[in-house]
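Two complexes come next, and they have one chain in common, chain A, joined by chain B in the first and chain C in the second.
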Partner chain A sequence: MLASSSSKLSHATLVHRYPPSKLHSEEEMSDTVFSSDENEMNYKCENVARKDDENLQCEEFEETPLYAAILTYLSYAILCLFGWLRDFLRNSNIEKKRGAVDPNATLGFVPLYQSYESFYTRNMYTRVRDIFNRPIASVPGAQFELTERVSDDYNWTYRYTGKTINAINLGSYNYLGFAEKSGPCATDAINALKTYGVSSCNTRIELGMFQRTQRYHVELEQLLANFLHVESSIAFGMGFATNALNIPAVASKGDLILSDEMNHISLILGMRLSGASYRTFAHNDMKDLEAKLRAAIVHGHPRTQRPWKKIIIVVEGVYSMEGSICRLPELIALKKKYKAYLYMDEAHSVGAMGKNGRGIVDYFGVDANDVDILMGTFTKSFGSAGGYIAGKKSLIDHIRVNSHSNTYASSMSAPVVQQIISSLRLLKRPEGQKRICQLADNTRYFRQKLVDMGFIVYGNKNSPVVPMLIYMPARVTRFNREMLRRGIAVVTVGFPATKLLDARVRFCISAAHTRQMLDTALTAIDEIGTDISLRYSTRHKSRRLREL
Partner chain B sequence: MGSPANHDNVASLATDFYSLLESFKETPFYHLLFEIFLVLTVLWLILFRKPRRIEKKLTEKEKQELIDEWQPEPLVPPVDANHPALNVRVLDGIVGKTIEIDGKKSLNFATFNFLNFVGNPRITDKAIQAVQKYGVGSCGPRGFYGTIDIHLELEERLAHFFNCEEGIIYSYGFSTVASIIPAYSKRNDILFVDEGVHYAIQKGVEASRSTVKWFRHNDISDLERLLVEQDIHDKKNPKKARTLRRFLIIEGLYMNYGDLCPLPRMVELKYQYKYRIFMDESVSFGTIGQTGRGVTEYYNIDRRKIDLISSSLEYSVGSIGGFAVGSSFVVDHQRLSAQGYCFSASLPPLLAAAAIEALNIMEEEDTTLCDTLMEKSKRLHQKLLDIKGYLIVGEDISPLKHLRLTNSQNTVARLEEIVEFAQTRGITITVARYLNDEHRLPEPSIRLILNVEMTDEELEFLCTVLQEARVKVTV
Partner chain C sequence: MTLNDHPTFLRHKLSYTYKNCHWKTMLSYIRRFFKFIHWLYLQYLLNTALYMLEPWERLLFSTLLFAILSTALYSALVFLPHHVRSMIQFYS
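What follows is the complex of A and B.
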């Protein structure tokens, strides 16, 4: 397992090492502030031109250092040992059993959960439960209020003290800073509420003769199609459901789906429900994909030897756990060469990437019509909820007729749709452009500083998702708690969301973050990183922030 | 008799055999070993070796030819341009008790607005306050700062409303039950599912990859037959049976048929055959029972006997989303293993605020909303029975009824003509739409939904229009 993990991670397309002075000399923007509450943006976007001369696909995935891997496995082994010990104590009634008990346990019912499934929950997850599911009490903007909760019994139950903690938000998906409680988008949403009410309690195609759909829905779909430079689009109420319920409309038995191994679980659920066969290819590895494509076309279905009806390649724009960006130009070349279809999930990239915020298509400057099915969500960059699919009119018509969401699920709520429409309109104006620039700058600044300090950071240097590796479960917990103590809220993820070895902290940069907030965060990371030795990188020298 | 010749033959044979044996003794050992090895090899070749499949070793040129020749199907097949989903007209304004279509007002019997909360000013005010405090979106899944205190409040209120230990909310009604079922039921577990369940449940059942046993809609004897069969099967292999979980998936009030499930008998069978009950009360929440607490209230059954009740916030409550209530033991598991909860953004706070206010209205001391709704449903049912030529499917207390034409005249085309005629007279109704891959496609019908604020005159008017429509259409 050790060898395989290092071989998977050792590829790096092009490692650009920025000499630190280059960044600092161009830094003229440190004083301007992007205010999330007011709407004045006096920031001038100066760094757009820089993107064109650098390699857009520069990604780095440094190998796991050997000692970190060993220590991580050791940590899990020790945790398991203690878990068994505690289970033994609980079962022999030396320790009190906490947690809920099955009311049907004594009546001869088959146990609802396997004991090994809940082993992890009881013995590992519960001990560190306080770092997840933290409730907030304000708008999830660049700074927010966390409700303070304490536990008197090691995280089995919580007690809310009634106070709130003010913290810098590096965890919410708020890339363009549209999570606002005042401003043009919020005002529009309130007006929509007054005009249309909260919801309309019907599905999109069941309202009498000549199915009637709300005007704002149609407006949203047209606006979105214009924004993305495609023929047509359709919007749904939930991003997860958009993938899970519409892939079956496009793929069916007899098709082959080639999906990246790091794809989101909604895509995998959609592929399973569709009945098509699916295979994974190594993350962002175009050679592996090409080999699999060739093998698929030549050999056909493994059992019947019949040729596949069609082949669909499913990738994501920005991968939310890795921070990498899919190689779109190469994918389009491959897809054209082998006559496959391309499905791109731009949940994290629409709005956040590209000069005009159009996503990866804009980032690489390719034609949006080359991607057969563009999918995205409104939760991350538009501060709303829902998902969409965009593409040619024939595709969208087919989805309208055959989609589960269209026929059975409720239509979207008016204020939610209005927020998306307002934010889309805003993106076309200079204010929107400023947000996009600010996000790009914040991302590059933050990433560069982390890398220079000697931390292992995965992914493309332009992606607003910044995963920093921590490896050991105890360090992950300590990092999270220490950051909160310093007033910064971060998201740490471990097994099973990531591989066993690769526990990490994932920062989500927002256009609403000011340079000051980022500096505060970097100082805290610097201190904690020194405290608990998080500087694993062997490619970049370890340095303190004050030395940079 | 030639026996001396025979004797001679036998004797010579014996001598030959003897000399053979003698020669064996004289041969070197390695020679014997070699011979035995050859014999064994021949035996192995004859008996045990499988014929090797001749592998197709294609040359690069041949592979390239295959790749060049291969033509995929088009991404999507052509669609019928006349399908209703493609011929959509635009509507403006609140879709409440009345809708304005093309400038004319019509009574709305088509949307799931049972308690007329759409456009309710109290609810709208609370939603506006939520936007002013939290913005619109929640910007994250529940695990990563997407849990807003208003979600926790809504979960507590729902649990309190149903007198259960814990509640959990989802951001989309369809995904609620479709995520819940796979969270508990895995491969090899057994699901007993009613054939009339709606599509979301069917998808949940499919996603779970469990063994599914469908029983005829609301047919208890068919369910018992399946249970007995399973019991016999279990007795043959009791060790395996102890690891297989069993679940009964039913709805409180069926959306596709408008009838109630025979819950008391199902609860009895639960304790006899040891399965757990997951009941979906999307339609019966807020509409059935004295105070709208659903089928368990109507039948007066202890809610603790139902393992999990899932429902939707999109029908009576007039918001968006879904929820589940039950004991902590059952519900808490979903927080880590229900996909639609863990991997999806949480419900926008304004929708949660709207749901809380709707619950406030439902729980008010002097409210008779649900009672009134049941009464009106009964009256409407009576009136509809008086019209000749229609088949009314559904319980009398159900606010959701399916209308079919009698005999073979029941086609989608005729029903659509009725709908069109009704629209010209100022009544909006709808034909129930389904996808073709439903497990058991219900017969074409018009789905009538009663709004609690409808007056008796308006119900009379509806019946009059339906009568006229039928006459016009079947002439």
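What follows is the complex of A and C.
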């Protein structure tokens, strides 16, 4: 079953098979054997038939089983009751107050901060705080070191034992495996540090652009524009700030923004900051979007009935909590029909999706000029930091002059830029193609095994973000702790980041994971899933890993 | 102080051949039974979120639950036959 790349072969052989029908869903697609250089990764690359649109958009969101919903509400009710009991004990001074207390109230001032979520933080989050926000002690590659911490008073304070735990990393956004401290990218970044130091000490517009023999910022933008097949691009120092500070440059009062309901908070912040009106449409629902577009064009402003100046549709390429992919061909058709603009945030999909790693545009095979504003980040797939906006040259020139982050934020640091340049150059070579293939292979294998075992997994089968649902808070904590005991670090998310019912564990697959690591993880998930009965799915039969 | 110091995955693989004497297989059945009870207790803790609470809170909740259930059971055992009989008499 495993096709190993032997060093004796000197050419690439391609074996195509027909795309799988519903009867033979376990058949592999094809085998590609590359000639290997000094790389010793054993992998099997699969080529999917690209023109099969229904195959590309195959997503599944299974409904919550009723007993899981009831038990989750019951758990939160019991936690609430005990929260009230403990708060009563704390307020009546029977028990000591452990959290931070605002001293202004005792001096007669109005309290400085009042967060209504602090009930949740004190009584539910702090009890299991050791599974969140774990400090790491090494570079977050496929395997890394976690600092071990122990709490004597139920997670109010920690003490560090000094040891580190070696764990498989299923939580970092390391899709192409560029988070490494040795290799060509790291060497180039160190040389850049030696040439230019760490900071540019100025904004981009004033004196912050590096150019000597290597033209860092300019080269980055040109490379990026060539990579994405667009006219021009501009890069910023922070991905969140790219969204939050550049949407005001393209939208203003009198515009309408239609955004997906699962959009990231950076997009929502940017929309609010711009002063435009915004409405949400149901997640990935093109009929709802079309209805809202038609209503907006027909009725105009809610009070004055004046037509909107422009309408912008804001979507994300891969949604980080759901694992779903936006329906790009239908969006482009809608956009052309109703003359709206499209802003796509490809934070998790650039580098990770598509045959050449160019993102969702490459995945669906559409023209990159059809999407008006392409946005992405360098944090996830390129192992660096920062964000970019790409599109037509007129748009980018407008943003260069009118963007807050270009004018006021300090420019990107030289080693960070060099890391991105090196990784972009690497992606063009066969070694980069291998990484992309390895990621696609890992993703499909992992997802298929999880679904076959009977777990509920959301999202598109090709997205490297794999959310698996565990509804109850106690099962979430037990899962996380048991995985860590078996040497696998995962990220579990609960209430404020997701809906109350849908607590989940989100696996981020990387090209640096070997098949063996994934098998270790799957064995552990299988064991723990049996122990705490996580196999909720009714569409797929529950099976143990040894039966697959 | 983590709550899971129990070494669950130290499994002793016993061979169930016919050559083994009966007390060894009996011991394995008893062990599996205790494991099953432990698994049931874990399910109770997980489904009611008691897994996240401190030991004294677990004791409090379990005591209250046991008190309510036992009261309901006792009243049912004492009063139900008489109620059912008088209902049958009333409706016939």
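Operating definition for what follows: the second predicted complex is superposed on the first by the 483 of 548 C-alpha atoms of A that agree within 3 Å, B and C clash if a C-alpha of one lies under 4 Å from a C-alpha of the other, contacts with A are read in each partner's own complex, and residues count from 1 in each chain.
Quick note on the criterion: contacts are C-beta pairs under 8 Å (C-beta built on N, C-alpha and C of every residue); 3 or more make two chains touch, one makes a residue touch a chain.
What you are looking at is a predicted structure, and each value in this text was computed from that prediction instead of being measured.
Contact with chain B, but none with chain C, is seen for A:250 once the two complexes are overlaid on the shared chain. When both complexes are overlaid on chain A, the residue A:74 reaches chain C alone and has no touch with chain B. Of the two partner chains placed by superposition, A:284 touches none, neither chain B nor chain C. Residue contacts after overlaying the shared chain place A:125 against chain B, while chain C stays out of touching range. Touched residues of chain A were counted for both chain B and chain C, and B has more of them. Touch criterion not met for A:460: it reaches neither chain B nor chain C.
In the superposed pair of complexes, A:324 makes contact with neither chain B nor chain C. Note: no residue of chain A belongs to the chain B contact set and to the chain C contact set alike, using the contact criterion stated above. For chain A in complex with chain B, the touching residues are 100-104, 107-113, 121, 125, 132-141, 144, 146-147, 169, 171-174, 178-182, 185-186, 189-190, 193-215, 218, 237-241, 244-245, 250, 264-266, 269, 272-273, 294, 297-298, 307-311, 338-341, 372-373, 377-380, 382-385, 394-395, 397-402, 404-410, 412-413, 415-416, 419, 489, 491. Across the complex, chain C is touched by residues 71, 74-76, 78-79, 82, 85, 124, 127-128, 130, 150-152, 154, 472-475, 477-478, 481-482, 485-486, 527, 531-533 of chain A. Only residues 58, 63, 66-67, 70-73, 75-80, 83-96, 99, 101, 110-113, 118-120, 123-124, 127-128, 131-140, 142-149, 151-152, 165, 171-175, 178, 184, 198-200, 203, 206-207, 242-246, 271, 274, 276, 304, 307, 314-315, 318-320, 327-330, 332-333, 335-336, 339-340, 343-345, 347-348, 350-351, 354, 416, 419-420, 423, 428-435, 447 of chain B touch chain A when the two sit together in their complex.
Contact residues on chain C toward chain A in their complex (touch as defined above): 1-4, 8-9, 39, 42-43, 45-54, 57, 61.
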